[in-house]
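Structures for review follow.
In what follows, chain A forms one complex with chain B and a second complex with chain C.
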Partner chain A sequence: MGAFIDFFRGPWHIAVYTYREGIRKKTLIGFLILSLLVIFGASFISSYLDPTSETDIDLKLIKDICVATISIFGVLITIFISASVVPGEIENKVIYTILSKPVRRIQYLLGKFLGAQLIIIVNLVLMGFLFCAALYMRQQVFPSLLLWSLLLTYFEFLIISAFTFAVSCASTSAVVPTIIGLFIYITGNLTEFLKDVQNRAGQSGKWFDDMIGWVANALYQMLPNLQNFSLKTQIINGQPNDPPTDVLIPNLMAYGTLYAIFGFLLAWVIFWRKEV
Partner chain B sequence: MSIAIQTSKLTKVYEGSFRAQDVHALKELDLIINQGEIYGYLGPNGSGKTTTIKMMLGLLFPTSGTIEILGNPNVGSASVKRNIGYLPEGAYYPDFLKGEEILEYYGKLYGLGGKDLRHRMAETLELVGMTHARKRLLRGYSKGMRQRIGLAQALISDPAILILDEPTTGLDPIARKEIRDILANLRDKGKTLLISSHELLEVELICDRVGILFEGVLQAQGTLDELLVQRDVTVDVDDLDDATAAKLAERGLQVEDRVGTRAKLRVASAITAYEALELCRAFNLKLIGVAPRRETLEELFVRVVGAAQSTRRQ
Partner chain C sequence: MKRHQKLVLAGAMLLILALAATQGRHVRHLRESESFYRWMLAAAVNERLFQDESGQFKDKELFEQCNAASQKLAGLVPTVAAVAKEQPKAASEPPAAEPGEVSEIGKASQEYKNDPRIWALARSNELADARASFLKLARSRQLRFAQDIQYAEAQESGVGLFNLFFGFRKVAANFIWIQVDRYWHQGENYRMVALMKTCTALDPHFVEAYLIGSWHLSYNVTAKMMDTPWPQRKWDPKYSACVGEKEKYYYVAINFLKDGIRNNPRNYKLYFDLGFAVYKQKLKDYQNAVKYLSEAIRQPHDRWVPRQLFICQELNGQYAEALAGWEDYARRFPQTSTGQEVAPRFIKRNQGHLLEKRAEEAFKAAAAATDPAEAERLRKEALKFREQAKDIFMVLGSTEGDALRMRIEATELAEQKRYMEAVAVLDKARWESAELWDDLSHRIMRYKADGNLPISLSEQKEMEREKDAGLCAGMPEQERQRVQQKNAQLN
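Here is the complex of A and B:
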């Protein structure tokens, strides 16, 4: 037990340091402020101007804007922070002072990854809290559905974060991992479309057509289906305190965790003999 | 004397990607650094100094050859790194932390905590002369103060071996002197110091032994007494005028560092010190002093690297 605690002590210190450093990054602060402004603007200002004239459609629009804001700015923050925590330390040479201490490479990676997760969670909580408060003030009902949605959104971000982090371990700058992170986010939300492409491909019998089908199928099999994590339709159309339907939350959490573990192991395989 | 660091036939080749050539950064390096000494590791840019240091720390991996730190070949393992403190060149320390928070962070990475950590922090801050600034944010630190806090993070676990990459580069003369004094103090406490530096004067003032690396090959290694050649003699005189200076030059006494009527005369190898003194008396010069003149480390460096360059050209 002592060895187990000792193993995680180093990563925890690195995670706290990463968090403290990360929350001061100007880009991240900019994303957060923008997202909070959009949520605040959409949910508070319209009702302040003329609260009596608000219709169900207005409310749906506001919910749509807020859910989209959390999703878009949340994923930007996730990708930005996951892509930069390791290359940033290589660039400013801090990594030398850490890896020259009695810290194993896997402990270092674990610390950086946990630190990135702390940042993502805090940002998600801040955005979610503002949205929750706005919904509660409008409908006087505790928006439990939104909390479930935030939980699932975090697991979606966890997957994106883990793979972006893995790519960042092979890179010396944050540019390539950021692009790959965006690719994972976009294609992860289009996996149903990939399935459709695979079904339609191969009908002409040409090799190029077959190849497209093969690539679409490979991507469909490999990439996580991030659409599974979305409760957007239910949030917009349902009541704030409805239980989540059509999703098995424990299964999705396990699905997200497994993908994240795979992403982290990939990061470790890349990093354990990396020359820094 | 026990050996702190030993490399044996240490070789590092950076493989070129695509059509780029491989770079042979180190070629069968045999280096011995004894415990309790300050070893100056010198060489021009790109000679392989930082590569050697990074391999000692497990940041890079040797292509072939071995490294032993305090007799342990498991370089990069936690047990070896526990005995090493490292100050990289130009490392960044986050501005938002206070001096003592930096030390706390690095101390925790060594597994220190509680009373032990607080004691080490106080001791280390005192050693590097930063106790007064421990509560200040790093953004308010001067370059010299940042370097000292960098040194403090390397010292926080009280390691037996300190590896310092350019510890005095970019510092003003007073800060350099202060860092030099700290390093000498550490040597006196029995620590082993490996200093990689371009500041040859600093190295000459503080190091017990030096090694000169050029293109991955150790060109010379030894104590300064062993390496620096006894060159000639200088005679300090007064009452020197231009005409006398010219006559002395004809007889093998070169005038150096002349200020007014005072000058330093370098005695060429063709004449003896006695003959030089006779000449001074003959020209009615006032004798101030006679001193043997040893080659400087800079001259040694230029000589060794120059010889290596000319060998390569051939």
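Here is the complex of A and C:
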């Protein structure tokens, strides 16, 4: 037990340090302020609607816009942070000081990854809090379904974060991993197309055509599908105790965690071979 | 790092990837099962309430396949609660399926508490074939109740709206709805319907769009339109009803709400608006109003929903059900003002109606009885019921109780062939209660006709109109005969 605690003590310090450093980044603060403004502004979107009609439509508008805002700005924050925590330290050469200490590479990497997650979680909580407040002011009921939606949003970010982090370990600057992170987000949402490619392949009967279908199917089975997390928008306006939703939430959490572990292991393999 | 460590790491990575891919398969299975489950609920609601079928779609065949497979499962025994009371058949719609005709899944779907069982069924191995057929049919757009973008574009075609929006279709639906609202304020009603349908296609769970859309159609669009006279209406096979320019909007609203119910079968608001706002308020079709309001109270609902059901039951002549409902309501909510003030009034009113109905039945039985002693006994019983009803209406008091009591007095006078007095009593009574105006006016016309009393011009016109009520060009012969029989009974 003592060895276990000792192993995580180093990463925890690095995580806290990464968090303190990351939370001060101007770009990050900019994204956060923008997202908070949009969430706040969503409360006024109902002015476009008939003020005399007493409906819940404005509530739905706020919910949908806020979930979309949290997703868009949240993913930007996730990508930006995950892409910059390691290359940033390579650029300013802090990494050499840290690795010269009795810290193993896996501990360093774990600390950096945990630090990035802390930043993402804090941002998500801040945005979620304002969203909750906006909803509470409207309907005077605590929006409990929102918490599940935010939880699923986080697990979606976790996958993006892990793979972007893996890419960032191979890079010396944050620009390329940021671009690749966006690419991961977009392609992660388009994984369903691979199924379509597989369905259309093999029509000519040529071996190359068959092979494309086979490769598409293999990738479809292996790559994460971020569309599965679209449940987060479904929950928010749904009914409580919806049986499929209740089953899907823990499964999606496990799904996100497994891909995140794979992404982190990938980062480790890449970082391990890196000459620093 | 040593070689064996590399191997361990590679092995761990492969293992995690395999586990993630397996979990991915499981999640995919769950999401497909979820689509299947939602389609199954929609098909079950359609079977139980609408029986809306179309030859080109395969929903019915697939639903039968699901039912056949589900019969092997002992776990899916529906718990149909006592709320499943006998519902009268609707006039303008196909008759509701008899309990025996409703499938196992249909029966189970009646109660929202059975949802976990239907969900278990939807993802079970026993229904694997049906699920595969569902996905195949949904991709090729052969299922009417799985037509939204969520199924079709995500799974069948190439670049689609579903993927391009990255799951933000609901936001797009909201902005389209703002446009619908704008068109409404600009008076461009003709543009609204198409956009409303686009909106609900993007977000089939946008309940407010269904509710407000149907409200616009059945209330606001038709607000300045006159009721189409019956001879000018035409039979529309699509709606199985005689419709004019104005009435068409009501049926468009009904279909819009029905789509909403299929997509959101557990939302009571949709059933309520269909039953109350359209069938009761606009079409005065109390049979269908009772049918959908009964369905609304099967879902988790607000306290005011059953009150409207009881009112519609009373209007539909189901006094015993209305009475039982109000008594139960007063028992459950004794501290509320409705429980203390409103419910007792409705209880009295329904008790009076029930006694009045019993008196009528006893009079009919007395007239039909061959034994004079039995006829006399029944007549006395009928008179007793009538007196009891009058007493109750007296206790009920207010203008409403007075009008109901005077209605009985007028009936008694008419039975004694004192038509002039009966008409005078009814004429006084109808000014007491606006709610009873139509009923009492019809009675006045009937007594005037029976007593050969002079009939005013407006009454003559009304009687002429009543002859054509419910009849229009292009009606199926069977339906025409049914309406003519009904009109003859009323007159």
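What to note about this one:
Just so it is clear, the second predicted complex is superposed on the first by the 224 of 276 C-alpha atoms of A that agree within 3 Å, B and C clash if a C-alpha of one lies under 4 Å from a C-alpha of the other, contacts with A are read in each partner's own complex, and residues count from 1 in each chain.
Definition applied: a contact is a pair of C-beta atoms (placed from the backbone, for glycine too) under 8 Å apart; a residue touches a chain by one contact, two chains touch by 3 or more.
What you see is a predicted model, and the numbers here were worked out from it, not measured in a lab.
Once the two complexes are laid over each other on the shared chain, residue contacts for A:E21 go to chain B alone; chain C is not touched. Look at A:Y96: by the touch rule set out above, it reaches chain B but stays clear of chain C.
Contacts of A:D64 after superposition on the shared chain: chain C is touched, whereas chain B is not. Shared-chain residue A:V175: touches no atom of chain B or chain C. In the superposed model, A:V125 makes contact with neither chain B nor chain C.
Of the two partners chain B and chain C, it is C that touches the larger number of chain A residues.
Once chain A of one complex is fitted onto chain A of the other, the partner contacts of A:V276 are limited to chain B, with no touch recorded for chain C. Considering their complex, residues 54, 57-61, 78-79, 81-82, 84, 86, 88-94, 96-97, 105-106, 108-111, 150, 153-154, 157 of chain B touch chain A. Put simply, chain C touches chain A in their complex at residues 1, 9, 12-13, 16-17, 19-21, 23-28, 30-31, 33-34, 37-38, 115-116, 118-119, 154-159, 163, 166-171, 173-174, 177-178, 181-182, 184-185, 205-209, 211-212, 266-267, 300. Contact residues of chain A toward chain B in the complex are 6, 9-10, 13-14, 17, 20-21, 24, 92-94, 96-104, 273, 275-276. The touching residues of chain A, when paired with chain C in their complex, are 48-50, 53, 55-57, 60-61, 64-65, 67-68, 71, 186, 189-190, 192-193, 195-196, 221-222, 224-225, 227-230, 232-234, 237-239, 242-244, 247-248, 251-252, 254-255, 258-259, 261-262, 265-266, 268-269, 272.
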